[in-house]
Amino acid sequence: MFLVFPGLIFSGTAGLVIGWVDRKVTAMLQWRVGPPWYQNFLDLAKLLLYKETLIPKGVAKGYFLGMPLLALSAATLASTVLLSANGSLRTGFLGDVIVVVYLLMMPPIALMLGAFSSTNTLATVGASREMKSMLAYELPFLLALSVPIVKSGYALKLGDIINYQVSSGAVIGSWSGVLSFLAMIFCIQAKLGFVPFDSPEAETELMAGVYIEYSGKALGIFKLAKSIMIFAVPALIVTLYCGGIGSGSPVDFIKGALEYIAIVVIMILIKNTNPRVRIDQAMRFFWGPVAFTAALSVILALMGY
Amino acid sequence: MNIDEALKSITDRFGSRILAVSRRSVKRAYMDIYPKDIVDIVRYIFKDMAFRFNIASAVDDFDGLEVIYHFSNDAAGFVISVRALLKDKTDPHIDTITEVTRSAWWIEREIHELFGIEFDGNKDLRPLLLPDDWPSGVYPLRKNFVVPKRDSRKEGAE
Amino acid sequence: MGLKEIILSKSINVFHLSSGSCNNCDIEILDCLTPRYDLERFGITLVGSIRHADVILCTGSANRLTVPIIKKLYDEMPKPAFVVAFGACGSSRGLFKDSYNTGQPIDEIIPVDAYIPGCPPKPEAIIGGLLKLIEKIKDKNKGKIKG
Amino acid sequence: MSHKAHVPIGPYHPLQEEPEFYKLVVDGEKVVDVDVRIGYNHRGIEKISESKNFDQSIFIVERICGICSSSHPIACVQAIEDIADIPVPERALYIRTINQELERIHSHLLWLGLAGHFLGYNTVFMWSWKYRELICDIMETVTGNRQNYAMLKVGGVRRDIEKEHVPYILSRLDELLPKLDMLKGAVLDDPVIHARLKGVGVLTKEAAIDYATLGPVARASGVDIDVRRDHPYAAYDRVKWNVITREEGDVFAKTVVRILEMYESASIIRQCLDKMPQGPIDSNPKDVPAGEGIGLAEAPRGECFHYIKSDGTNSPMRHKIRAPTYMNFPTFRETVIGETISDATIILAGIDPCYCCTERMLIVDTKDKDIMNVEKLIKLSQEKTARLKEKMGIK
């Protein structure tokens, strides 16, 4: 169950498909044709199967190769817990929200440690930026996250949050929900490293920053972990704000899927409309307006709106 | 001001220090001078007569190294070239004109590098074009420098 | 055609290395990415780091300063790696053959798999050249060509 | 950002492929000093040209810089014609002018795209390079190649413009002009670009004269020089057009000069096409006597200067070539000191050195030794645009 349905295979492929949608939409915006649908799969297969993995001299081997595995397992676990609590199985356990959030934080940390261990200063500059951007978006992320928990009567179980929303309307309907949803969108944009806040791996600038030393299988695993994240995070948003994806009846499932696609489209649009923001600007932006809206939404939630 | 008036005003101003003046056409004129007078003449042409400094070019003539400074007058559309002949090819020297116009800085570095001409007074003659590992004392644009022919026919050329 | 050939020939990351070129070829490479000739539809993308690259696109007549750099870059590429000598200068130093500042042609520095002649090669020629390279990738994996 | 990170100039760093290598010494945000190291692109063209005969050296001269590959051959051919007073038939003069002006549009469009990219407007980048393809199509039909046209020959032109090409060229130009208006509107009326380019990297008129700058860089600082009008060559004195100058001397003025020059070029091409007389296109001269000759031509970036000295044999004894950017480069030092680093790329782009030169910048930060490379610089300037956009409330 872990390996097949919600786990590695499903979320991996879903993540890759979403990655392809992103590339296709960006190409469309520039009047270009864009890659065929199977492109991401081929890229990944090439990296995993045929490319040689180079390990630079003087690098802590265990660290360097361990990090991608850590990132992959954390991302898969997070998506499994999320989907199992979400789907009809409803087998969530108490406190699984915290577990999912913690697991979703693991891949960026693993990436960072991998980059530091690769002794390449471009990677270390990228990694230090990743650290800064994490510091920036974690605070508002957790604040915004607490709103659905507060609203659904301090439930730490994903299942309860979904039940609350099924019974009394989606969290996004309320004032505090909308505010925290807005803050959350920016946070996940940074968490996934999409363009406005992707300075850690700024492709033109630090030449794929943190990934610079990785090649072959290690790089493939990292990319897979990232695509699972791309799949898992919007799913988390849907469960927290719009009442989960599948809860039995097909109508609900379609509604959930539509919400999911809407979030992905929002992220891609944000990605394509503005240039990359410098890291200290990103921090000011997160600690300033985003944290404020998140805090405001928590207060509103406490007052019951 | 056409080309004849310009030439006349220069020859009046410098008299005997101008060795020869040859007016090739209504648009081109060449003047020969002593290398030591270069700075005064260039200052007069560039500053007082407000010509534009085109470029300086060195030529490894067989009887010496020629350095030619080209000035163009854009209002009337003609070019005057001032030529200084350096007879001593082993240790050629000429004064720098970078105080007159900063635009000459790069071309003096290039000529120094490719021809080996010293520009006295130009403190910054770092190499401009050639790679750092270029053997010193070898000047590619001198006539005696022959490009080493690579015989790539033989297997595994160097 | 085995799975390996399909994968290796459908997803290619290109690293652009210019060793003293007159930037005509560099502009033509960029032309291939603009809307009219878009290379991304073949799965060919420009990549920043040599670690992620499968193909080096080497333009320019390798002048003396860049020869060591080309060697070092080639050693750092994860195998299977391919090199495309781009344009007349890349293939045979073109017009600048007997200049004092160009060392040797690129194929004496690193092994070259495909040549795209032309000065600058038209985008159609570039795409043609890359397709020839894809053919070579396929043959190489079938063991027809060693190395 | 107090960390002390040295970005290495490692082998696979993009910096090492550049013809120029700038070292901007900065103090915090302010640029304090600039040092330039060129030579990565030096191919010893002048030495090669000495071993080639006159016809062959024209081909080498074409490949000096990719986007002005019709200006250098014209200057070189005119230098040889200056030595031997070779007559050039009337029709050939008109074809030379058309070739030169088509290339000016193509080069300015390319520059506009790049400047847009540095400011973070990738759509302007994609647009201008997309419409540049129209010019490349014209070039391909008339001369057979998108760049490196090989149209020039001592004493005339190599290929004629046939009658059926003329309607094709005119239709393509008509297709281009509305797109040019759109680009002009997108760039010149955009408040963010005003904020980004006005008053940035100002080159005063005195400095422009002292540095002997050329082309749009000089014309944007009020120096009214243009080889096409001052030293008339080809058919420029037979067609009506005007020289565009600005007074401010900042990057915005340079942009305006380049964009309006494109309109002038289009009108010159139109006039040449209908004024072109029938007749021979080559006076095929036989030999070149001993002597010296100077050839001037107005490249998109300024005046190309060729000095050729021949000793009677059929290969030049000395062939001095000076590209326009050679004189414009040092002004970068003059205009960038005192500006912020996020403007450094756009100031350098204002000089429009040939395309791959703008990729070459390295910043040494005196205080905390954080060296940034050029992509980060481009990003800095893109963010500044983003910040301005937010400040102006446009998304």
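Labels for the chains are A, B, C and D, by order of writing; each one numbers its residues from 1.
Quick note on the criterion: a contact is a pair of C-beta atoms (placed from the backbone, for glycine too) under 8 Å apart; a residue touches a chain by one contact, two chains touch by 3 or more.
Since the structure is predicted, the reported quantities are computational estimates derived from the model, not experimental observations.
Colleague: Looking at C-alpha means, what's the farthest chain from subunit D?
Modeller: Farthest by centroid: A.
Colleague: Looking only at C-beta pairs that count as contacts, which pair of chains has more of them, A-C or C-D?
Modeller: If we tally the contacting C-beta pairs, C-D comes out ahead.
Colleague: Could you grab the centroid distance between subunit A and subunit C? Build each centroid from C-alpha atoms only and quote it in angstrom.
Modeller: That gives a centre separation of 36 Å.
Colleague: Rounded to a whole Å, what is the gap between the Cα centroids of subunit A and subunit B?
Modeller: From the centre of subunit A to the centre of subunit B is 64 Å.
Colleague: Where the CA atoms of subunit C average out and where those of subunit D average out, how many Å apart are those spots?
Modeller: 27
Colleague: With chain centres defined as C-alpha means, what is the inter-centre distance between subunit B and subunit C in Å?
Modeller: It comes to 41 Å between the two C-alpha centres.
Colleague: Which residue numbers or ranges of subunit D touch two or more of the other chains?
Modeller: Residue numbers touching two or more other chains: 12, 14, 39, 42, 44, 47, 51, 126, 130.
Colleague: Which positions in subunit C are in touch with at least two other chains?
Modeller: In subunit C, 35, 48-49, 51, 63, 65, 76, 98-101 touch at least two other chains.
Colleague: Which positions in subunit B are in touch with at least two other chains?
Modeller: Subunit B, residues with two or more chain partners: 130-131, 140, 145, 147.
Colleague: Please classify the inter-chain touch graph. Allowed labels: line, ring, star, complete, other.
Modeller: Other.
Colleague: Spell out all pairs of chains that touch, sorted by label.
Modeller: Taking the chains two at a time, the touching pairs are A-C, A-D, B-C, B-D, C-D.
Colleague: Which residues of subunit A touch subunit D in the complex?
Modeller: That would be residues 30-31, 120-122, 124-125, 128, 199, 202, 204-207, 273-278, 280-281 of subunit A.
Colleague: Considering only the defined contacts, which subunit A positions touch subunit C in the complex?
Modeller: It comes out as residues 23, 27, 30-36, 38-39, 42-43, 45-46, 49-54, 203-204, 207-208, 211-216, 219.
Colleague: Which positions of subunit D touch subunit C when the two form their complex?
Modeller: Residue list for subunit D touching subunit C: 11-12, 14, 16-17, 19, 39-45, 47-48, 51, 59-60, 63-67, 69, 110, 126, 129-130, 133, 140, 145-148, 354-356.
Colleague: What residues of subunit C sit close enough to touch subunit A in their complex?
Modeller: Result: residues 3-4, 6-8, 10-11, 35, 38, 40-41, 43, 47-49, 51-52, 54, 76, 78-80 of subunit C touch subunit A.
Colleague: Flag every residue of subunit C that touches subunit D in the complex, lowest number first.
Modeller: My answer: residues 17-28, 30-31, 34-36, 48-51, 60-61, 63, 65-66, 69, 72-73, 76, 94-96, 98-102, 119-120, 122.
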